[in-house]
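In the two complexes that follow, subunit A is the common piece, with subunit B as its partner first and subunit C second.
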Partner chain A sequence: MSKQVSISIDGRTITAPEGEKLLWVALENGIYIPNLCAMKEKSHPSGSCRLCYVQVEGRAEPVTSCTLPVTEGLSVQTRSPQVDRLVKSAFELLLSNHRLGCGRCPRRKTCELLKMAKERGLKMKLFHLEPLEWPVEIDDSPKTFAFDRSRCLLCGRCVWICQEVAKVGALGFTGRGIDRRVGTFQELSLAESPCTECGLCIDPCPSGALYFKESK
Partner chain B sequence: MTVETPYQERYRKLKDSAAAGEEALSRQAVIQVGMATCGIAAGAVPVKEAFVRFIEEKNIDARVMEVGCMGHCYAEPLAIISKPGFPALCYGYLDEDLVERLVEDYLLNDDPCYEFALVALEPNDVFPTLSDFPRGVHEKKIVLEHCGFIDPGEIDHYISRGGYSALAEALSGTPATVLEQVKESHLRGRGGAGFPAGLKWEAAVQAGGGTKYVICNADEGDPGAFMDRSILESCPHQVIEGMLLCAYAIGAEKGYLYIRAEYPLAVKRVRLALEQAREKGLLGSSILGSSFNCDLEVFRGSGAFVCGESSALVRSMEGKMGIPATRPPRLAQSGFRGRPTVLNNVKTFAYIPPIINRGVDWFRSIGTEKNPGTAVFSLVGKVAHTGLVEVPMGTTLRELIYDVGEGVANDKAFKAAQIGGPSGGCLPEAAIDIPIDFDSLQEAGAIMGSGGLVVLDEDDCMVAIARYFLEFTQQESCGKCTFCRLGTKHMLDLLTAITEGRGEPEDLEVLERLAWEVKEGSLCNLGATAPNPILTTLRYFRDEYEAHINEKRCPALMCSELIVYYIEPSKCSKLCSVCVGSCPTEAIYTRDDGLKAIDQDKCTKCDNCLKTCPPDYNAVIKLSPPGLLAEKEGGKGA
Partner chain C sequence: MVEGEEELIRTSVSEVLGEQEAVRESLIPILLRVQEKLSYLPPLAMELIAGALQIPAVDVFGLATFYNQFRLHPPGKYQLQVCMGTACYMVGGKIALDCFERRLGINEGETTPDREFSLERVACVGCCTLAPVVVVNEEVEGRVTPTRVDGILIAFGKKIQPSTGVGEKKGDDGS
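And now, the complex of A and B:
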């Protein structure tokens, strides 16, 4: 068993295994930190969603908690004006590229964006940014589930599951920059791709991008 | 006198044979034609062929040699003529006619045609040398020492000038000595961030034994930057020697030069250089007869800007998508194929041989205390003398632009210096007295970057410039993290709206806030520095943004949506109709009184009429905001 260290999150003293990433220590102790791309099983954090910022005592800039290993005496605040500003900004950026209409979304009960909004007092609407318009493309070729790109937040959970857990590799990241997408090789529909329709990727999806058809 | 080690002895033999070859050739006239990409683009190939042809025709005892870039790109094609009995002279702006004249008058008839010479390269009584010009006074060449004076395809040229002696000396000592010297030199990495090279190397040593790698980052991608390319094209061996010294210091036996595929000449010359070094026993197994083995090879990058970021570069070498990864671990702990890897810029490696040869104290005596050494810049844009320059750290931007670069071209007024490429910032006249070093530039909101310096004049709109650089970073964003992927897109959309006259007063606040958040929130340094062009232009040129938004006016008359072309009737002549022919859309018509006027509905603002209107008239002007047109046309009482 690894060495246990004592840390402080929002003034609460918590004992955790040394080297564990702060995000997981906080979540497992019932302290919420916004996150999308993090998966505990992944050996190297992706660090791509930029939502899990925390304020570490002794450091001027907020730090992403998914990359922060806990050490003895570590003291963090999950909220600070700087953290809130970055989270709010990242949230609005993601929202600007996400098809809203939560009432008709299959994920409305378990949506991570809605949870984040509730926990951090954010609104599901754009205040400063114009929405980026994309055509709605829904791939409903698999028998049991569908993939709605316009709701995808590019967290990469499904990609990792498909490649590392299901060992299928039907899903991957394609494109670059603003054209980065989750998709299949040569943009085939999922039914035409090597996808086995195992369905392992559906539950980890934090938004309404991947969903079982019956839940719609 | 210290005893020569076997490695030094072996090296001395190499050097003696190289020097003997040079000596034999020094009795004939030598013409060195600058044939880096800059020279070739300016027409050096026909110039070289003309030299060869005329020399053959006239049966002259002379040799034409290809060299790299000596930094005076504004005067390309360039050649240095060294004729026994005369000082070596550099001639610029060459073409076939001038070549014929030089061959005829100088090589055949001993008239050096001083009227065409730019500068002499050695002290003499007849013609000024580099040190007689302000540029020569400021310049201090360490990295560029041999560039433009040796044939990059001829390893003996480098060896006869002392090349690879640092390697021989290092092999005679221990790896720890090399590491200590690099650490003590306080050399900071020249890729842009300025991280101490010695500390990076030390981390790789401390990462333990086993396979390690050395990688040279030659994925230079900044628009307007060409330092690394010129160095690799002009003196590849200095970089190779620096990499070998690094490999020796950290215990690596394999290294790669990551060169972007858009640099075919650099790739070709480096590959040739590696081959020649291998033949001489300076690369491969048992280097100079020692137990040190190290081989280097070229890896061609596919031109993604983000692959200049170290973790993305390494991932792309592994066959993965070139996207940055979170740290830790640093590359020095776990880099290429999970092994400790030292990744440095081309220039960083090129500093190592001179540091080992001339010592740490010598190196630290150049530049400033915290920023020892020199800074290499590609000086481009609206500067009179564009080129590749190397000045000691601590030189001011003003000295660099006005003394080395000879000021702004075409007598225009200086507006800003864009330093550090798309990750850098724009500094105004008031801020160019700062010394060039990593820390001062960062304080001013720009960055050292890898060394691009673009001079902007009164005709450049700072909003459009910010938009240009942001468009570049937005297109080159890998798209992995939220802030860079979406933040750069929104910032670009806002800037586009402002330059097209659709900006709202609140856009400035949104833009500035977003810029700070992208800077603070992005995963890698490319995202974190992408907003710099916006932040610095907002800081120093906010009035231009406000004019675009509040008055729909572009003060520099550059943003096409905010200007109209107009022909001043008081200046236009009935006798001239050049503009009519120049207009591709037939927007210009002849009025009843014989003067010309523009049909605004047909005008595409191509600028042709303004360019072709004879200087005697200068009748075509640009107006901004477009509303001024009604005033003008109303004023003439039409």
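And now, the complex of A and C:
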């Protein structure tokens, strides 16, 4: 096995296997760092949600912790004014593309956005941005679950699960820029796609876009 | 799909797959070559390519929708390109595009089911004094007002229903 190194997170000394990504070391030791797109089993972190920033001692700019391998003597702070600002902006950008309505959301108890807001003292409210109001489009063609794209944060967890764990390949990213979305081949409904309705993608969904029908 | 097209798609795709290595990294060159042969990427072609490269069809579709270079609809007999350069946009290029969309019943980037007309937006075509400009099969049409839109379509054989005014008021111009 790989060598153990000792690092410091927020002044706490922690031993961890060398090369492990900082985000997982922190989370496993009960130190919360906001994250969405990261999945531990994924070989290459996509680093696209821009939420898991930390301040590394000796580096001027904050670094995404999902892409930072731990090395001996690494010293990081999970909060700094710079980090907080970046996280706040990323959070607001995500929120502007997320249909709120937590009262009726199936994920209201386990929502990653609400967790982030609570941990970092962020408001579930837009300050600088207008909400992107897409028409609400819910694909409830599968028997057991449904997909509400207006709640999707494009974290890509379901896409990765669908392709690499379930080995189905029904879901993927389509379009570009503001039209980017989690879709299927020819934008067919899930029932018409190769989807086997295995349901593996439901649990990882951080925002209640994919949900079991009975949990609603 | 028109008659004999399926056959053409199958032979073109297998020819291209014969030239290129069937790995994920060749996806862009493969799609470009197939598009060169067929002038667009039909769903069947994308499925055949995905099968050959052993990747999900949605990944091929995702890539084809990511790059503007790829077209998912066949070019029409009359290819309408509406200029959205700064000058054309400012004097109502968007209005001309909306008019075409409404008259043809298709969205930008699509083709009418009879394959007579296809509609695209382009950046500046270089004759801003004629703004707003529409290019039909390389021929430039200048000062395209909504009336001119109908004129162009009628000239190319599109039957236009005379406007009755009923039920069109609301939301049309906000009046």
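Here is the rule we go by: the second predicted complex is superposed on the first by the 216 of 216 C-alpha atoms of A that agree within 3 Å, B and C clash if a C-alpha of one lies under 4 Å from a C-alpha of the other, contacts with A are read in each partner's own complex, and residues count from 1 in each chain.
The rule is short, and it goes like this: a contact is a pair of C-beta atoms (placed from the backbone, for glycine too) under 8 Å apart; a residue touches a chain by one contact, two chains touch by 3 or more.
Just so we're clear, the structure is a prediction, and the values are computed from it rather than from any experiment.
Chemist: According to the contact criterion defined above, which of subunit B and subunit C contacts more residues of subunit A?
Modeler: B
Chemist: Touch test for A:132: subunit B only (first), subunit C only (second), both, or neither?
Modeler: first
Chemist: Could you say whether A:93 touches subunit B, subunit C, both of them, or neither, answering first, second, both or neither?
Modeler: Touch partner of A:93: subunit B, not subunit C.
Chemist: Contact-wise, after the overlay, does A:169 reach subunit B, subunit C, both or neither (first, second, both, neither)?
Modeler: So A:169 only meets subunit C here.
Chemist: First (subunit B), second (subunit C), both or neither: which does A:186 touch?
Modeler: Touch status of A:186: second partner only.
Chemist: Touching A:141 in the superposition: subunit B (first), subunit C (second), both, neither?
Modeler: neither
Chemist: For subunit A, which residues lie in the overlap of the subunit B contacts and the subunit C contacts?
Modeler: Subunit A residues touching both partners: 173, 175-176.
Chemist: Where on subunit A is subunit C touching in the complex?
Modeler: These residues of subunit A touch subunit C: 163, 168-176, 183-186, 193-194.
Chemist: For the complex, give me every residue of subunit B touching subunit A.
Modeler: Residues 304, 321, 325-328, 474-483, 485-490, 493, 510, 513-514, 517, 520-523.
Chemist: Can you list the residues on subunit C that touch subunit A in the complex?
Modeler: Residues 43, 46-47, 55-62, 65-67.
Chemist: Within their complex, state which residues of subunit A touch subunit B.
Modeler: So the residues of subunit A in touch with subunit B come to 44-51, 53, 61-62, 64, 66-67, 82, 85-86, 89-90, 93-94, 96-97, 128-130, 132, 154, 173, 175-180.
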